[in-house]
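In what comes next, chain A is part of two complexes: it sits with chain B in the first one and with chain C in the second one.
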Partner chain A sequence: MTKLSVEILERALKRERAARKQAERILEQKARELYTLTQELQFSNKELEHMVWEKTSELKGVFENIIDAFVVMDLSGKVLKMNDAAIDLLGYTIANEPINLIDIVHPDEKQGIIDAFKLLYVNGSVANYQVKVITKEGKTRLVDINASIIYDEKDKPVAAQGIVRDITEFKCLENQKEILLKKLEKSNDELQEYAHVVSHDLKSPLRSIYALVDWIKEDNEGQFNEETLHNFSLIDITLEKMEQLISDVLDYSSVTSENVSAAEVDLNIVFKDIYQILYLPDHIKLSCIKNLPSIKGNRSRLQQLFQNLISNAIRYCDKEEGLIDLDYKDQGEFYQFSIQDNGIGIAPEHHEKIFKIFQSLHQNKESTGVGLSIVKKIVESYQGEIWLESALGEGTTFYFTLKKEL
Partner chain B sequence: MTRVKTMKVLLIEDDLIEVMKLKRSISKLDMDVTLVEAKNGEEALDLLKDSQSLPDLIFLDLNMPKINGIEFLKILKSDDVLRYLPTVILTTSSNRKDVLECYKVGVAGYILKPLKYDEYLDKIQKTLLYWSVNELIKI
Partner chain C sequence: MKGIVFTELLDLVEEKFGLGMVDTIIENSELESGGVYTAVGTYSFAEMLSLLKSLSAATGISIDDLLEVYAEHFFSVVEVSYPGFLAQYNDPIEMLASIENHIHVEVRKIYPDAELPTFDIEEKTDKSLTMLYTSSRAMYSFGRGLMNKTFEHFNSSATIIMEKLKEDGTEVRFIITKND
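Entry: the complex of A and B
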């Protein structure tokens, strides 16, 4: 071997060594990196595992502690899991006896539940589906089901879960409430009808008496003395008062909150109407202090309210110059009205009494003692209140509030 | 004043004095009115069976025993012949429900009987005079 070739070989060897060293270094580096990575991965794996465990236990808690019955089933309806509430509700424990939801549904609703299942499969969820089920004890319960499909990672439906709520009692109460409401409505109608019939039956004999008295007078004209004729006219007056009383009682019984319809009523027009209807003697001045508001309600009832109060003020005026003033204040949710007169006044001990039915303070041809009780009933149907301030001989102010919108 | 023609009126009313009132009112009128009386719906339907002597006008009370006024009215309005007879309600009931129902089924008038006899007389006179100038159906 020549010296030159030895040198070449040594150089080559040296290069090779250097290259291997470098390769070893790289390898070492890579191994180290790999190790760290593995360490990191191991750590995050542990973390993930912990998280999964946490979630599972959370879910388990939810599953077990949820108040409503919770059921997981396969797509055929076979129950895979139930929580305690579900076991309580249905009476079955799947550990001992496998059940299928379709089997425990009431026979009448089999087709319905099959359809609901199809709907669940197609839409992915079903909300508030109500169905009757039969518990292990043979009792029928009405339940409300909210269900949804569980999908696997490839979006393939694998199972269904549902929250089952027992609404038997709730439904029962709801039905009872409806029945009661209907009954109440019916008995209200009947009462109303009854009032009309009674009023008719009471008025008929009055009309007959009136006609008979009239005929007696007519058929015996010129044969009665002054006193008898006066007594005849007293019979007429008594009959008229009786008739008025019956009408008033009927009116009183007709004021119920149902009569409050929600039309906008301009009280200025109501006031104008009353002005025309009532007989206002020349010495009495009826005025409205300011423009009245509009209120939502029943026009004829509102008119009756103002008319009764104003006609009382006219009736009990004893001054040479009578003054009746109507005014109001806006109180937010309510309007407060006042009707002030300078009439005879009402003694304090009567302030409560006058609102009670048949409590007229005066023996008066036109007074039946129903007017103010109707007023009170109307005010109350607008959730308002009525009261008065009065001094004997000086006058009375009636105050009342009406809710703007019911 | 032209003399009004003869009119035949059927009164369906169970109250004796009410019947007397109408009779007396008619006797005071210068009108040729024949009054036929029926105490209730059944009796009236019997009378109306004879298609040869139908009344020109019917006065009907609403509160009657057995068939009540509105029921009677419904029977009348579902009959091919009797439905054309003008029927005026004569009642004390101002019950809005009754008024609405009557006009819905079909009445020719709704008259409230007042308390005072002279007011009653006035209402009856006006009603009979009004119908006497109407074209009445002869079937």
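Entry: the complex of A and C
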């Protein structure tokens, strides 16, 4: 070998050796980098695992503890998972027998559930879908389903989940309620009709008695003694009272919330009318503290309400100077009215009783015991309340509320 | 520049001209690395230029021709190292058209610091492709060598015309027409 080629080889060998060392150094460095990277990856993997575990346990808790039946199914409706409530509801356990939601739907609603599935697929969710299902025991249950699609990380639909609520009983109760309401309405109508008929039928014999008594008196003019005449006048008074009673009962039975028409009623005008209609003795002063509001409702009912209360206050005044004050407060949704008098007062034990029909505290020929029960009924038809404060011998204040708009 | 480009060049020089030529060009070039290269290292592009100049001077072959031959050799490195990568394609035009948007994207995943040329497609049909090469390295002939081998890989051939848009070769138009 020539000296030159030996030199060349030596140089080549030297380069190769240096290159090898360089490569080893670089690879060592890369290995270190890889090691660090692996460590970091392992750490973040652990963190991710922990997060996944946490979420899984969270979901598992929700899945198991949710009161409603919860079902996870694939896109064809095959049930993949169900919680205890779902097993209780449907009677199936998927471990033993695979089920498809479409198969357990009532035969009449098959097409409906298929359409609902399509809708679920297109929109991603379905809310309050009601369908009849047949349980394993063969019972038909009406259920309400809220379902949504489960997507994978690429937004591809992979499954569906649904909350299934048994509304059979609820629907049943709802239907019963509906029927009861209809029945109630009907019997209310019948009752009103009955009151009409009865009062009409009662009034005509009354009028006959009235006429007969008159004839007896005419036929025997001058023949009756003082006592008999007095008894005849008592018959007249009793008949009059009887007629008034019948009219009041009819009146009472016709107050229902349906009679409330929605016209704007200016209570100042109502008050002025009452002032003119009522006989107000000179020693009684009736005043309105401030300008009254307008309210939506039935004018004649509102007048009846105020008139009954004011006429009571006039009737039961025993003072030399009687005072009756009408006032009100705005309470937002309601107006609260007050009618205060300085009359005889009402004992606490009677505060409830006076609103009941036919309950008059005094044997007064003008009182039938219906007035305050009509008042109460009118107030209630405006969703209001009525109560009173009173001290015997000092006076009474009636309070009542009326809803501004019904 | 990636070390493998140096080691493969020196291997090819040794194969074609002998170890003496390798020694000559290394000795004749100003090399910061002293001619010590490993495939996993990274070295200055100036060293490559210097080696090519020395090789051209010693052999009398132009740098462009040397680069083209070297590129043809280099293609086999790709064939051996990344056979799966080539298997993704079944047409040379399709493969060349995907340099910018696919091949270079993948290369950057393996070598994040790689400095790559750009190949912008100006026109493309089933049989032809016009691309604009841009690189400060002016290694267009290396590109042409790789293209020739690409066609060969798919048992095909092509006529490749290069138009220098800049005298220094940093911008070159490739007009590639597949032969029937």
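Rule of thumb we're sticking to: the second predicted complex is superposed on the first by the 206 of 406 C-alpha atoms of A that agree within 3 Å, B and C clash if a C-alpha of one lies under 4 Å from a C-alpha of the other, contacts with A are read in each partner's own complex, and residues count from 1 in each chain.
Following the convention adopted for this analysis, contacts are C-beta pairs under 8 Å (C-beta built on N, C-alpha and C of every residue); 3 or more make two chains touch, one makes a residue touch a chain.
As the structure is a computational prediction, the values presented were derived from the model and not from experiment.
Undergrad: According to the stated criteria, A:L9 is in contact with first (chain B), second (chain C), both, or neither; which is it?
TA: After superposition on chain A, A:L9 lies in contact with chain C alone.
Undergrad: Using the touch definition from the top, say if A:L48 reaches chain B (first), chain C (second), both or neither.
TA: Touch status of A:L48: no partner.
Undergrad: Could you look at A:H196 and tell me whether it touches chain B, chain C, both or neither (first, second, both, neither)?
TA: first
Undergrad: Mind working out whether A:I179 is in touch with chain B, chain C, both or neither, as first, second, both or neither?
TA: neither
Undergrad: Of the two partner chains, chain B (first) and chain C (second), which one does A:S208 touch, if any: first, second, both, or neither?
TA: A:S208: touches chain B, not chain C.
Undergrad: Please work out whether A:L239 is in contact with chain B alone, chain C alone, both, or neither, and reply first, second, both or neither.
TA: In the superposition, A:L239 contacts chain B only.
Undergrad: In the complex formed with chain A, which residues of chain B make contact?
TA: Residues 15, 17-18, 20-21, 24, 63, 91-93, 95, 98, 113-118, 120 of chain B touch chain A in their complex.
Undergrad: Which part of chain C faces chain A closely enough to touch in the complex?
TA: It is residues 7, 19-20, 22-23, 26-27, 34-41 of chain C that touch chain A.
Undergrad: Can you check the complex and tell me which residues of chain A touch chain C?
TA: Going through chain A, the ones touching chain C are 5, 8-9, 11-12, 15, 18-20, 22-23, 26-27, 30.
Undergrad: Along chain A, where are the residues that touch chain B in the complex?
TA: 196-197, 199-201, 203-204, 206-208, 210-212, 214-215, 236, 239-240, 243
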